[in-house]
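First, the structure itself, so that you have it in front of you.
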Amino acid sequence: MTRFLPLEDAVREYVHDGDVLYLAGFTHLIPFAFGHEIIRQGLQHLTLCRATPDLLYDQMLAAGVADRVVFSYAGNPGVGNLPVFRRVVEAGEIGIEEYTHFELVARLAAGAAGLPFWPLRSLENDLSLRRPRPKVRSPFGDEEVPVVPALNPDVTLLHAHAADEDGNIYARGLLGEVREAALAARLVIASVEEVLPASELRKDRDHLLLPGFRVTNVSLAPWGAHPSYVHGLYDRDTTFYTEWDALARDPASVAAWLEQFVYGVKDRDDYLRQLPQDRLAALKEAARRAG
Amino acid sequence: MTRFLPLEDAVREYVHDGDVLYLAGFTHLIPFAFGHEIIRQGLQHLTLCRATPDLLYDQMLAAGVADRVVFSYAGNPGVGNLPVFRRVVEAGEIGIEEYTHFELVARLAAGAAGLPFWPLRSLENDLSLRRPRPKVRSPFGDEEVPVVPALNPDVTLLHAHAADEDGNIYARGLLGEVREAALAARLVIASVEEVLPASELRKDRDHLLLPGFRVTNVSLAPWGAHPSYVHGLYDRDTTFYTEWDALARDPASVAAWLEQFVYGVKDRDDYLRQLPQDRLAALKEAARRAG
Amino acid sequence: MPVDAQGRLAIVGARLLRDGERVLVGVGTPNLAANIAKRLHAPRLVLIYESGVIDAYPPRLPLSIGDPDLVRTSLCVLPIHDLFSQYLQTGWIDVGFLGGAQIDRRGNLNSTVIGSYAHPKARLAGSGGAADIASFARRTIVLMPHDPRRFPAAVDFVTSPGHPEGRRRPNGPAAVVTDLGLFDYDEDGEMRLTALHEGVDLAEVQGRTGWPMRVAPHLEEIPPPTPQELEALAELRRTEGATP
Amino acid sequence: MPVDAQGRLAIVGARLLRDGERVLVGVGTPNLAANIAKRLHAPRLVLIYESGVIDAYPPRLPLSIGDPDLVRTSLCVLPIHDLFSQYLQTGWIDVGFLGGAQIDRRGNLNSTVIGSYAHPKARLAGSGGAADIASFARRTIVLMPHDPRRFPAAVDFVTSPGHPEGRRRPNGPAAVVTDLGLFDYDEDGEMRLTALHEGVDLAEVQGRTGWPMRVAPHLEEIPPPTPQELEALAELRRTEGATP
C-alpha cells in the first residue's frame, strides 16, 4: 500500500547516503521540491542519474550531495551549459558516467523490464569507446548488436499532476523517460500538485502514469516542479532558466541563492513565499490560457 | 504522403499472394472489413500473424486464403475454441508457428525497433523446446537470456476510430499489440470509422495511434471492426461470438455464412444491410450509454 | 450440496485470493472466481487481464478478457508488451490464476493439444499468456474439474511449466482446486491433496488421478459454500457476457 | 549584408530542408532554422524534437526542446525511448539537424569537451541525442559558425560520428552550413566547399579551416537572404522563449 508521508518525511525515510537516485522528468515535471529537500537534509555521497541533469542537479552539485553523476546531456537547453556541473567536472571533483540519450533511456528500459541489458544500434563514439560498450551476437543472421547494461536506481523521485487515495499517479504532457525511470527503480517516491478522490481521477485512464502498487509514497507538493513546469497548471519559468546561467558562474552567488531559497526556507511553501508572486501568477495564467 | 484509396482498392494495391500479414487488434478493433475483402479478392498463400487469431482468422482459414498461421492464442475467449482453425490444424492442412503471448509481442517489439531479436525470460516449455529458442549471454554478469527473432510483416492492417486528412490515425481504449504490429510492418493500411479534419483531431494528442508518415493508406469503413468493437462507438457483438462456436463446427454452415456475408456482398455497406438492424442499434446504444 | 462442479471450483478458488493481491486472471472459471473474491472478502483485489487491463471491477462477468466493460472500469489499459515485460516479468504479479486441459503431478499445465503436437487428436487454444504467467507470477493457482483425462501421469504437452523434476520452484504452482478437493505442492514440488469437499472420499480422488497421489497428514474438509458465495456466483452467471 | 552570422546560418540551413521531410531538430541555431523553413517554403516539414515531440508548429521559438509551447502544438509526444528506438533507429528520420562545438574533415562532431576528457579545458553539455541522430538520420546537416577553433584538423572528442576514414557512410553528414559558406561531402566522405556567401573569399574560408580544404570545381555563390527570410528570422527572435 502506498504511504502518504509528507515530503520531508518521505526523503528522511526512503533516501539514504550513498543511494543511486533518479530524479525524473524531461524539461517537464522536474522534481525540484524533492531535490531541495535532499539538499536541506544534507544527504551525502549520492549517485545522481538523469538524462538531462538540468538546473536541479546543478543546484544539488553545488550543495555537495553527490559523488557521481550518470547522464546524457548536461546543458541548460537553449541557454548554454550548467555552470556548476561544468566547474566540478573541470575540477575533477565528481565522477561522471556519460551516455547518449538513447543509451541512457535504453538502460532504463532494461531496468524496467527486469533484463540485464538492452540492445541498440547507435554507432561507436568516443564515449562508447572509453567504456567500452560490449556486443552480443544475434542468433538470427550474422550480426553483432551493441548492448548497454540495465540501470536500476535505488529510488526514483518524480513529480506529477495528481494522485488518488490509492496512490495511483496521474500525469499528462511530455513524459520523457519518467515512466521507465520509475518502473526501473526499487522504490518510487512521488510528489503531486493535488491529491484527489479516486472517484474523480479513475475516469482519466489515459493519463495514469503509475498504478498505486508501484508507488512507495506520495507527498503533496503544489508547485513542486518550479522552475520546471506542470503541463496545463503552470508554465516553465524560462526567466529563471536564463538567469541561472549568469548567476551560477559565480560560486558565491550560488551559495547565496542556496542560502536564500533552499537552506533558508523551511519547506516548499516557504520557498514559494520567497518568489515574486506576480511571476508565479503569470506562469499559472499562461498555462491556463494555453489550455 | 498517406493515400486514401477505398478499402477494396487498398487491398488490391497493397496486399499480394504470399504476403506475411498482421491483421492487428486484441479483442478490440479487429479489422474484419479488411479480412472479408481479402477473402472476396481470393488472395492465396498468405501467412496470417496475430496473437489471437479470433473469429476473423477462422473465417479467413475457412476461405482458404492462408498457408500458415503465426499466433499465440487460437481461442474464442470465454466461449471455447476456433472450430475452423481446429479442423484445419487437426487435418494438417495449414502450417502453424506458435508462441506465448509475451514471445509474440516481443517479436513485434523487436520488429518495431529495427532489432534482430528481443530478450525475455519466460521459462522453456514444449513450444520453445520444439523451436528451439536460442539464448544470448549477457556481457553484464553471468547469465544467459533467451531471445526471440523480430517479426516484420509485409503489411499490417488495422482498424481505428478516426483519421485526419494527413493520415494521422487516432484510437482509444484497449490497444493490445496494435501499435507494435504497425511499427514493425513494411506497409500499414488502416480503416477508420471516420475521417475528420485535422483541426478537430489534433487536440486529442493522447489518442494518436500513428503519425500519418507511418501510414501507407487510410480507408473509410464504418463498422469496420464488427463483430469486434470500437471503444465508445459500438460494443462487441458477443452474441455473434457465441453463435460462431456452434455454426463453425459444421463446414457447410461456414460455407453458407461466407456465401451470405462475404462472397455474396459487394462491400461493407452491403454486409451491414444483411445484419439485424436492431442488433447494430443496440451495440451502438450500449457503447453510447457506457460512455 | 446446492452447487455444480464449476461453481464449487470458483468459490473455493476465490477463497485462495487475498485482499490487496494482484492477480492475473485467466478466461473461464478463474475469471468467475476472481470476480467472486472481489465482491466478497477481497474488495481491494487488483484484477489484471492479459489484454492489458489493470485493476478492473466489471459490473458483470465479462465474456472476453478484452471486453469493453473491463476497459471502462479499469484503472488503465497497458499495451500487452508493457504488461508482460514491465509488470509480469519483473515479479509484480502475486497470483497467476489459470485453467487448462490437463495437469500433472509437477503442476505442468497443458492448454495446447491432446495427442501429439504434429498430429493432434484435439487442437486447443494454446498458451496465450499462460506459459509466461506460470513463469513469472509469485504463485500460480489452477482451477480444474477433476476428470481423470485431465489428471494424467504426464501431460501430452507442457504449455505452462510446473515444478522441475526433483525440486520445488519457488514461484511455481502453489495450489490446484478441483471439484473433489484442494491440493498444494510439497517441498519436493509434488502435488499433494490437503482437503476434500464435503462428501467426497479419498478413494474417489485417487481413482480419478493418474498417478499415486500424495496426501497431507491431516486431510481437512473444505467448508461448504456460504449463502453469500452462492449469491455472488449466481449473480455473475446471470449477467455473463450480457449486453446491459 | 543586413544579417548577423547566426542569422545567415539559420537562413541558409532552412533552405536545405525540403517540404514534407521529417527533421530531428537540435537546440539553438538548428531550431531557429527549422522554424524559418516551416514558416516559408516547407509548411509540411515535420519538426521532431528529441524530447519526444512529434510534428510541432510552435507559435514562437521555444527556448527548450521540452517547452510547453512545443507540446501544445504537437501531433503527439512520444516517450523518449519510443522516439529513439521506433522512429530514429528504424530510419524514419530524414534529417538530423545539429550544431556542435567542433567539426572535422570527416564530419565528426564534438559537443562533449574541449581538451582531454579526463582533464577538460572546457566541459560542454555532451551528446544528448546527437550521437544517436548522427547514427541513424538519413542525412545530417550541421550548422556552425566558421571559427578556426571549431574547424580543427581533428576534433578533441568524437561525440557524433561522421564518415569513417576512407569511405563515405551513406547516411553520414551531408552538409555543413557556416557563416562563410556551404559544404557537402564528396564520394570519399571528405568535407568539400561548394558555395560561398556573398562577399566571402575562398582564402578566408581556407584560413579559418584547420586542414587543406577540398573545393568543388564550380564554386557557387549563396543567394543573399530574401526579405521573407529576414522577416521570419526577426519574428522568431523577437518571441524566443517569451512567455506570451
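Order as written gives the chain letters A, B, C and D; numbering starts at 1 within each chain.
One rule holds in what follows: a residue touches a chain if its C-beta (ideal position, glycine included) is under 8 Å from a C-beta of that chain, and two chains touch if they have at least 3 such contacts.
This is a predicted model, so every value here is computed, not measured.
The distance from the centre of chain A to the centre of chain D, with each centre set as the mean of the Cα atoms, comes to 28 Å.
Rounded to whole angstrom units, the spacing between the C-alpha centres of chain B and chain D is 41. The multi-chain contact residues of chain D, meaning those touching 2 or more other chains, are 77, 85, 89.
Chain contacts: chain B has residues 114-115, 120-121, 206 touching two or more partner chains.
An unclassified topology is adopted by the chain contact network, corresponding to no line, ring, star or complete arrangement. Under the contact rule stated at the top, the pairs of chains that touch are A-B, A-C, A-D, B-C, B-D. Taken together, the chain C residues at the contact with chain B in this complex read 27-28, 31, 50-53, 62-69, 71-72, 77, 79-81, 84-85, 88-89, 112, 117, 119-132, 134-136, 157-161, 241-244.
Chain C makes touch with chain A in their complex at residues 20, 22, 46, 54-55, 74-77, 85-86, 89-92.
On chain B, the positions that touch chain A within their shared complex are 114-117, 119-121, 134-141, 143, 145, 147, 149-150, 172, 206-207. Contacts from chain B toward chain D in the complex involve residues 1, 112-115, 168, 183, 202, 205-206, 208, 211, 213-214.
Of all residues in chain B, only 26-28, 51-52, 71-75, 77-79, 81-82, 85-86, 89-90, 92, 98-103, 105-106, 108-109, 120-127, 130, 173-177, 179-180, 229, 231, 235-236, 238-239, 241-242, 282-283, 286-287, 289-291 touch chain C in the complex they form.
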